Each structure stands twice: as structure tokens, then as C-alpha cells.
Amino acid sequence: MSHLLSVSDLHVGFGKDPVANEVVHGIGFTLDPGETLAIVGESGSGKSVTALSVNRLVDFGGGKITGGRIDFTLGSGAVIDLAAAPEKELAAIRGREIGMIFQEPMTSLNPVHAIGEQIAESFRLHHGLTGKQAMRAAIDALERVRIPDAARRLKYHPHQLSGGMLQRVMIATALSCNPRLLIADEPTTALDVTVQAQILALLSELKRESEMGLVFITHDIGLVAGIADKVMVMQNGKAVEQGRPMRCSMIRSIPIRSIF
Amino acid sequence: MGRPRFKNLVSAVAVAAALGAAFPATAATLNMAWSQDATGLDPHKQTAFSSLRLLELVYEPLVRTDSDLNIAPAVATSWEFSEDGQTLTFKLDADAKFSNGNKVMTSDVKASFERILNEETGASARANFLSIESIDTPDDETVVFNLSQPDVPLLTAMSSINAAILPAGLIEAGMIGTETLGSGPFVLDSWEPNSREVLSVNENWAGGAVGVDGINISVLPDETAILAALRTDQVDFALINDPLVATLVPSNPNLSLNREPVLNYHVLQLNAEEGAMTEEKVRQAISCAIDRQDVLDAALLGEGKVTGPLTMPAYASDPSDLLCYAPDLEKAKALMAEAGYEDGFSASVIAATGEPPTAAAEAQVIQSQLAEIGIDLEIEMMELNVYIDRWLKGDFDMAVALNGGRTDPYTMYNRYWTKDGNLAHVAHYGDDMLDSLMQQGRVETDPEKRKEIFAEFSKHITDVSPWIWLYTGYSYTAANDKVSGFEANPTGSLFGLSAVTVGE
Amino acid sequence: MTLLRSIFAHPSGRIGGTIVALYLIIAIMGLVGLTPHDPLMQFRIDRLHAPSATYWMGTDLLGRDVASRLMIGIAQSFIVSFASVALATVLGIVLGLTAAWFGSYWDGTIMRAMDVLLAFPAILLALLIITIVGPGTWTSVMAIAFVYTPIFTRVVRGPALSLKTREFVDAARTFGSSRTYILSRHMLLNLVAPLTVQVTLALAWALLTEAGLSFLGLGTQPPQASLGLMLSEARNLMEMAPWLLVFPAFAIMIGILGFNLLGDALRDILDPRSRGAVA
Amino acid sequence: MNYLTRRLVTFPVVMLGVSVLVFVSIRLVPGDAITAMLGTEAGLLTPAQRASLETYFGMDQSWFGQYWHWLGGVLQGNLGISVTYGRPVLDVILRVFPLTLELALLSMIVALAVGLPAGVYAATHAERPSDLIVRIVAMVGQSTPSFVVALLAIYALSVWFGVLPAMGTFTPLWEDPLKNLAQMILPALTLGFAFAAAVTRISRSAMLDILSDDYIRTARAKGVPARSVIWHHALPNALIPVVTVSGVEFGYLLGGAVIVEQVFALPGLGRTVLDAILQRDYALVQGACCSSRLIS
């Protein structure tokens, strides 16, 4: 049974000569449905770039995949190498098959549109729902992420909601089409501790409900134990450690410098 | 400043707009353009060329000057001086009517001239009529002017639109200037200043049938735009001031250009009361140093004719025998040396931007010509009204000017060269000979003698040369092939439009 | 001179920089007199000649060499633009800083005065100054400066207000530095970036206004030459002598293009916020 | 809310300042309504004639008296009588005002219609040759004096195409929209062209900033197609800086309008003010200047 996602020998570079200034040097990992992989590393270790390479968002940031494969099993069972796929195909996969949430909820939602509108947009895009049905679905999505009184909140604009609330909206949007894989790029870093715990609990609950694969990127080793089935530690663009969480070697591999 | 009643003027505008009386309405409407718009509607007060051109179509003076500059009938059919020249009698045209149908009465003539003479009105041409002591109207067809002394030029002064005959009723109501009611060939339907005038035919005009149904005049300040409008048949007829634009008209097959020599003269006025130019020899040196034909060729592309002080054909003499009309640099340098200015002096010249359009070019050519005899000239270009303000105060060393010409030498120059002339301080010069010649010219009734007097005047003034007379330009009218029958007039008057027809 | 190197590294900076440098050289040559012919000399027999070997850009109505006049024209337009923008910058800095630093009362009056100036249509304000004082180079400089000062005042006051509250200014105060020292040393240095950008854009705008004023007959006075005056003189000769219009028009266009490109480059180089953004 | 109240309080003060500045400066200009009307013939006036004309033009009172009289009039909505038009200043302004307003609005529309797409195109193709071409064309637009563009437009149209917008007169929109637009298109394009260049550059830099913002990345992560990422997500946010700058530029449009109205012979507010100054029509200059302040 092929994995949901298997990344092998991934190389990613930036700027005019991506090969010369390469940031990710030969990363490889696999993920099965319902499984959570935590990617840990200090900032600048290439973990976010790896995450962004999976759904090729790195191309928009001036980056380029220079080597390796990213095999992803679609809902239809077909396997596709995302690294080589043309942008047209990728656009169809993003949102429908692969969802993503980011670190800064405050700036990750369009300030000019109401949140209801932004959620409904995914439904319209991938399920062809019309205005009224899409709004109905948006309300369900918000309730699914435990946002009270969802109907009234539809008309709110991002600046009218708290960070935690916004992150829930992000999750609702990302999961609106029941993607098979969710990439979470440090979703809780910008939130204070109490809200952090709620979001983590929410993520693990949702993961259990839908057999969804989760790639969880963080620099906070403490979080990994609670949520991750597998861990990969990255440093300077390379994977220095992979395996079950809580293996003592794991801790040694975090360079001392990062603690201070 | 009471609120002038302009209701019917506004309603006329609304009617014209609603009718869409804009061009090309009926084929017989003449679409015309000029660059400077009239600045007012009161014929007694207005002096700007553009205002006179408009008012000459609406109002009529007692007599008119035809294209050969002879006096022709207008409101009056006949006129004669008495033996002793102390009275001037006019016989009015029986069927002369105002555009509202009322007959032109002798009382209207009397009221009009009383308005001109009354200082309250501020009529600009008042100085020309000071010899009128009283006006009698023995019957309803004759008007007799009793004069304090013989005044031959009075007749020509009466031919100017500044002596237009207004309805007495309108004068009492004080409505001159906001309403127009004249006895001329056209009626002013509407006037949007700086934008457009609409004229229609005055059926009651005593001068016979008018060739067109009406005239739409557009004001296009930029003359290149006028040329473009002519080429695209947006207008059929146009007045052009700038010779540089006028010479481009013939390049289009269907456009024809009409050049008409005018009386207005281009002149370099000197200030003979201050500095080096108090020396007569220095002024003569300047006259000899300036190559008039070269200035004409450079600044106006040769569009004009070198002239002496008198520009009207009747009195104009061949300028070549006047002092230094053939440029003579050696003589100029010699004169400068004799006057003790062999290494020259510096002075400034004022000129108005764009009025005439060639002023800047003329000033620069004169500057380079005078540099050859050591005169370091600094040019001061200024906005027209600032220039006029300084010109009226005589506050200049030199001035590039385009002054108005008249059909009679006396009315043309009495303001500058007579002892009590209003603008003597602007002329910056005066001597007894000029004054006496002027007075003799005024009273002399025999045309031959008058010619001799003014020829001598013209000889003497160029010798003394307080001013350097340069050349006269042309007034240009351009028309496309649809327009026929226009006869230009040296006074620049557009009265000829009354005889024009607009074909298909 | 790292600034120069980074300017020439920047794509539009390279083009803009070379154009402005070229213009400066031409202007200096014009002023010094290194022109093919004497710009004021009227060869009236060669009037309105098309561009030829002797007259590279042809001759004008009075037979003067257009190429030489163009060189002193560029010099004149540069002088008017630089002087007016410099004056406007100085006025802007003084007014902007006083408004920002002293606040409330000063701020109110100065900004209201600026509103009044800004309320005027630009050409009209220049026209009034020029008609009162009389046309000429220095009056055009004053007129353009007068119109541009409010903009500079705002450009200075904005950042100055925010800088005033920043820590390093308080820190400087704790060191006991005097007010003028703080104003000049700290504030100004931080304003250099927005100011330089505004200056280059203002130069482009000043060139345009000078041309507009000359078109209305209120700019530089004959026989002197400025790009705007040459354009307005060529207006009626457009058909007979197109070269009279084409060369000055291109000169102005490329000149302003140079300033704008330089301004863009400087904004990207100096403005920290957008340092990362793609140029 | 305090921005609005501050604006309301300062507005009359600024207007007062403008009116005083205009009042004094127009009177400092040498030459007056009499020389403007009579030209050199004004020298022939006898003192009595001059005095009567001065009362007619209201120039005999002291400056302070004239200003006080004018201010009093304004409060009752009477801006005085224009000497050149022989009509109340208010009527004259109301007749010429729509033209300039329409010209300014049309040029703004032209500028946004041309500038925005060009800016967006340049931003989305950043650093590729097409981006440089768009920027150069925008720069050229911004660096050509409007009267040169106007003159060339008139020459080209009249000589090569034999067609020309109606000049001299103005047919208001409500009277004959077809003719009005035919007349206003070319002037609006000329005035709008330079302004479009400015809009292009502003929208380009705004778009560049926005395209690197987080919510655009989110939109892409949602699988939103590229085209609607630009038009639905990025552009609305880019409009904010474009609109604010256009507001400021609107004031400059009036300056530009003077020259375009002169060359295309359109009797608008810009040209009326210019002629009023040349004619020394004090009341009209005063009224027109203050009203041009209203629209900017």
C-alpha cells in the first residue's frame, strides 16, 4: 500500500541560481493516512521551505525544487509526483486534496473580505456550490471547529476576531473540502499558551475524525510529544534525526545554542 | 452696481441651446472662429480690436469707411461741412431701423453723441469729438452738429464704431453693455464670453439683403486649433493674427487666405526724455542701425510692408526718402560717436507676451541689430495688462508696440504729438513744429494742402525719430471654398460679412 | 560611494543614472560655452533650416542653432528645477520639523498655511507670483518652490512625528543633547531616504511645470532659452519646422524619464521597508 | 471621527486664508480692469471719466472695504458681478464648472482604466521584459508635458484623419451625451494620459507589496486560480493606496486642466480663471479660485 505522501531526496533552492544557493539538501520522509509527522528545527533550518514545497507554494516565494520526488496518493488512488506536476494540476489539488494553515492567523486572512465569504470561496471552487449552499456549508465548517454562534460571525471581518478565533477559521477553511493531507506551519507559535492547547486538541480531534494525514511544523519540541506519531528534526536544510518521538537521542540532536 | 437685467439674454441662450442651433444647422449659417473674444458689448466704451469686430456687425455709426477708405453712407445717407466748416449736417436714411423695428430717430443720434461727450460714460473716443458744441435736430431727418472750430477729421472719427448710434430708450434704461439693440446687419442672439457668439440676420436692416441666415462664432484661443478647425470644416471662416499660422492656410487646396494691409503699425518707441536717447543723434543712429526689412522677414516671415509714420493709403508716402529707411551701419556708428556714445550704452525694452504674437521675435531681432552699434538691450517680456500699465505711464527705455492706425492722420497722432495730447508723456517727445503741423492739418479743409502738411509732418518726425516706425502687417481672413463674396477692409472691420454667402 | 554602486546595480537606476549624468554634462557644457554655435547668435540668412551637417538640429525662426540652444536650455531648465526643488526642500524641512517637533500650536498654523498653499491650483499660484514680481528665471524658481513646499513639509513632518516618539530620540535626550543637535543629527538622517525619493520625483515635476509656465509665457524670458520656452516658441511652427518641437520635447521627456527612474531606484535602495521587495 | 471634525473646523479657516491670499495678490498685480478693457486707449480718459469707470468696477473703495463687501456678499450667496461677463459670478462659475469637473472625472476614469490594469500586469510579470516596457511607457506618459501631447493630438487628428472634437463650445452631458463625449474624449485622454502613468506606477508597487502578503499565500493554498487571486484578492487591497494618491492628484488635475482647456478651446473653470486674471476681473477670480478649492 503506497504511502499517502512520500518525499524522497528533495532539493530546494532560491534566487537566480537555485542550485548554487540551495536551502533544502536531500530531505526524505513518508506519511500514511491518519498519521502525524512533526518536523522540528530552529528557524532557518528549512522546515517551512520543505512544507511549502509539498504543495509547491514555494514557487511563488521565488523558490524552486531542484531535485527529488514528492509522491502523493490522490483521493482517486492515483499517485502523482507533485515536484514535477504542472501548475494547472497543482491548483486543482491545493485546497481539495492538500490543506494548509499558517503561523500568523492575523495576516493570513484577506482584510477586505468577510470570513464567511473566504470560507465559502473554497466550497464554491471545489464543490461547485452556489452562494446560499456555500454559506450553509461555511456555517457547518465553523461549527465543526467549535466556533460558537457561527451564523452571526460569517459577516465579521478578520480584524474583528481574536488570534485564536482566526486560527480556527483558518482550520475551517483548510478542512472545508476534507483534504487528505493537512500541512500546519507552526500554527500555534503566534498564539498564547491557553489558546495553543485548544488548537492542538482541536487538530488531533479533527485528525481522528477523518483519517487525514498531518504534517506539523514547529520549533517547540515540547509540543511534539502530545501530537506527533513520527518526528523529523531538521538542521541547516538536512534531516539529522527521524523516528518515534521521545527517543533520548532526539534531544541531543537539538544544538545547545537553540535553547538560549 | 445695480443688477443688470439679463433675463432675455439668458433666455436667448437657452433657446439657442435647445434648438441645437449649433453648427452645422442650416447650410446658410456661417461658422466662424477667432482667437480673441470681445471683452464687452458697449460700443462707446470698448476699444479691444476683437470687441470692435463683433460690434461692427450689430451697430452702425452715422457713416462708414468702405474698403477703399472712402466715407460711405450708413445710418446717414448724406453729409456736408458748411462753408466756414463750423457746422456738419447729416441727412438720415428714412428706412434705417433698429433690429426691434423702431425707426432710427434724430433723437437717437443726439442721445448717442451726448452719451459719448458725457464724461460719466467714460467713452474712449470722446477726445475726437471735443469740437462738438451743440447738436440740433431741425426735422426728423436732419442732424446738425455745431462745432467750436473747423474739424475735418471729425467725419472720419464718426465712421468708427465707437460713435455707434444707440436707441435713446436703451441709453436712459442704462442697459447698454448688457443688451444689444443696433441697426446693423446682424442681431446678437447670445454671447458666452470666451466660448461662443450666435448672430442672426436683422430683417429690418436698411442696408439690403444679407447673404447668410446667421453666424456662429467660436472662440479658439490657440491659433493652431483654428487652423485645425478650418481643415476639418468645423468652421468655414476665421480671423487669424499670427502670420506664422496664416502662411500655412494655402497649403490646403480647399482653403483660401485673404491678406489685407492694415493701418495698425509696428513701432519701436524710444524714451527721448531720459538717458542716452535724449541725444537726437543717438535716436537717429538707432533708426539707421535697425534694418526694418530684416526684422519683418525674420519675425513675421516677411508678411508685411515697411512703412513710414502714415499708414493710410491717402497720405502714405514712399518711405525710402525718409531718414535711414535704408539701413546704414557706418552712419549709425558715426552718429553714435558724434553723440559721445561710441562704446554704446545699455537699455531695456518692454514687450507684451503674445500681443502681437510676434512681439518676442521682433524684440530679439532688434536686440541683435542694435548690439552691432554697442547698444546692450535687455528684453522684458510681460503679460499684456502689466505691459499696458507700464506703457501708459511711459515707464520704459524702449517699447515694442503695435499701435492702432486711423484713416485720418490727425485722429491717429493728435494724442501723442500735440502739446496737450493725452499720451504726450508716452511719446516722450514734443516740439512746436509737430504741434503746429498737427493743428494746421486739423483745420485745413483742402485735401491737397493736408497731404503736404502731413508729408512734412512725417518727414520731420522721422528726422527727429522719437519713435522708429517699422512696418505694417496684414489682417488675415481664411475661408474654405463654401464661402464667397467676402470683401476685407483696411480698418479690419468685418462688415464685409454682410455680403457673404455660404454655398454647399 | 556605495550609494553610487548600488544605484548602478539597480536595473532602472542604471538607466536613470546615466541619463541624469549625461544631462549634467550637457548642461555644464552649455553653461561653459562648449556649444557648436553661439546659442544667441542669429544667423538670419539660415532661418528655419532643417537639421544638417552645420546645424545638427536645424535652426529656429531667428536662425539660431537649435542644438546649442538645447544645451543651454537643458542647463536653464536644470538650474530652475534644482534651485526650486532645493528651496522647497529647505523650506519643507524647516517647516516640517518645527511643525512636528513643537507640535500643537505650531503644527496647526503651519499645516493650515500649507493647506492654503495646496488649495491653490499650481499653475495659478505660479502665475500670480510671476505677474507680481515679473517673469524671469528667479521668479520661476520661487514660484515652483512655493508650490512644492507644502508637499515637502508633509513628507518631512510625517516621519518626523513618528521618529520623535522613537526610543533613540529619548535616548539622545537622556545624553543631554540639545534640541537642535537632535533635530539635525538624528531626525534628518532618518529623513534622508523619503526625502531623496521625493526630491528626484520633484525634479521631474519641476521640469514639467517650468515647461507649462513657459507655454503660458511666464517662464524663462527670451532671448534666454529653456526647454519649455523652446517648446512654446515652436508651437506655431510645428508644421513648417517640426524639428523645433521634436528635439526639445524629447529632451524634456528623456530628462524626466531619467529623474523618475533614478527616483524609483533610490526608493528601492534607501527605503528600508521595501529593501527586500523585488525591485 | 476626529479626522472629520478636524477637517470641518479647518475647512472654513483654509477657505478664508485662500480668499485673502487671492484678494491681495490679484490686486498687487499691475494693471487693472480699466486697462484690461480699454488697453492703450485708457490713456485718453479724463480724470472724471476714469473716476466713473472706477466706481463702475468698484475699485474706488479701500481694499479692506472691497473685501468686507465681498465677504458680506458671499455669506448671502452673492459672489458679486463679473465685469467681463456682465453676469453674477455665481452664474458664470456654475456654467463653466461642470466642464472642468467632467474633464477631471473623465481623466481620472481614463487614468484608472489604463493605469490599474497596466500596473497589475507589470506587477504580475515583475522583472520580465514586459514589466520594463510597461514601466517605460508609463514613465514616458508621465514625463511628456500635457500641452505637447495636446498639440500633437490636434495636429495628427486634423491633418491625417480630418476629424476633430468640437471646439469653442461645450455641450453639457445632459443635453447631448453623444456630442459631449465626442468632444471630451480627446482632452480627457490627453489629461488622463500623464495621470494614468502615475496610477500605473502606484498600483504596480502596491500590487508588488500585496502579492508577498500572507493572505495571498492562503488564497493560493486554498487552490484559488491565479487570475482570481489577482483580481479578487490582491486588487481590492491595492485600490486603497491608489485611491488615496488619486485624491491628492485630483487637485493637480485642475492645474493641468488649464493648459488642456486652453489648447482644446474648452470654456472650463481653469481657463475662466486664467482669462479672469488676464482681464483683472477681480470678483470672478475671487469666486473661481475659491470654488476650484471646493473640488480639490
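To keep things simple, chains are lettered A, B, C and D as they appear, and every chain counts its residues starting from 1.
As a convention for this text, a residue touches a chain if its C-beta (ideal position, glycine included) is under 8 Å from a C-beta of that chain, and two chains touch if they have at least 3 such contacts.
Please read all numbers here as calculations on a predicted model, not as lab measurements.
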item	value
Most extensive contact between chains (C-beta pair count)	B-D
Most centrally placed chain - per-chain CA mean versus overall CA mean	D
Chain located farthest away, centre of subunit C as origin (C-alpha)	A
Chain centre separation in whole Å, for subunit C relative to subunit B (CA means)	44
Gap in Å, rounded to a whole number, between the CA centres of subunit D and subunit A	52
Subunit A-subunit B separation of Cα centroids, rounded to whole Å	88
Residues of subunit C touching at least two other chains	131, 235, 238-239, 278
Interface hub residues of subunit D, defined as touching at least two other chains	29-30, 151, 155, 262
For subunit A, residues contacting two or more additional chains	none
Chain contact graph, described as a line, ring, star, complete graph or other shape	other
Those chain pairs that satisfy the touch definition	A-D, B-C, B-D, C-D
Complex interface listing, subunit C residues touching subunit B	40-42, 44, 47, 61-63, 131, 134-135, 217-218, 221-223, 233, 235-240
Residues on subunit B engaged by subunit C in the complex (per definition of touch)	222-224, 242, 244-245, 247-248, 251, 294, 297-299, 353-354, 357, 360-361, 363-365, 367-368, 379-383, 386
List of subunit D residues in touch with subunit B within their complex	29-32, 35-46, 48-50, 52-53, 56, 58, 81, 84-88, 95, 151, 154-155, 157-159, 162-164, 166-171, 175-176, 262-265, 267, 271-272, 275, 278-280
Residues on subunit A engaged by subunit D in the complex (per definition of touch)	55, 57, 60-61, 87, 91-96, 99-100, 102, 104, 107-113, 121-122, 125-126, 170, 173-174
In the complex with subunit D, residue positions of subunit B that touch it	1, 3-4, 6, 17, 20, 22, 33, 39-41, 45-48, 119-127, 177-178, 192-196, 218-222, 224-225, 227-229, 231-232, 234, 383-386, 388-392, 401, 403-404, 415, 422-423, 426
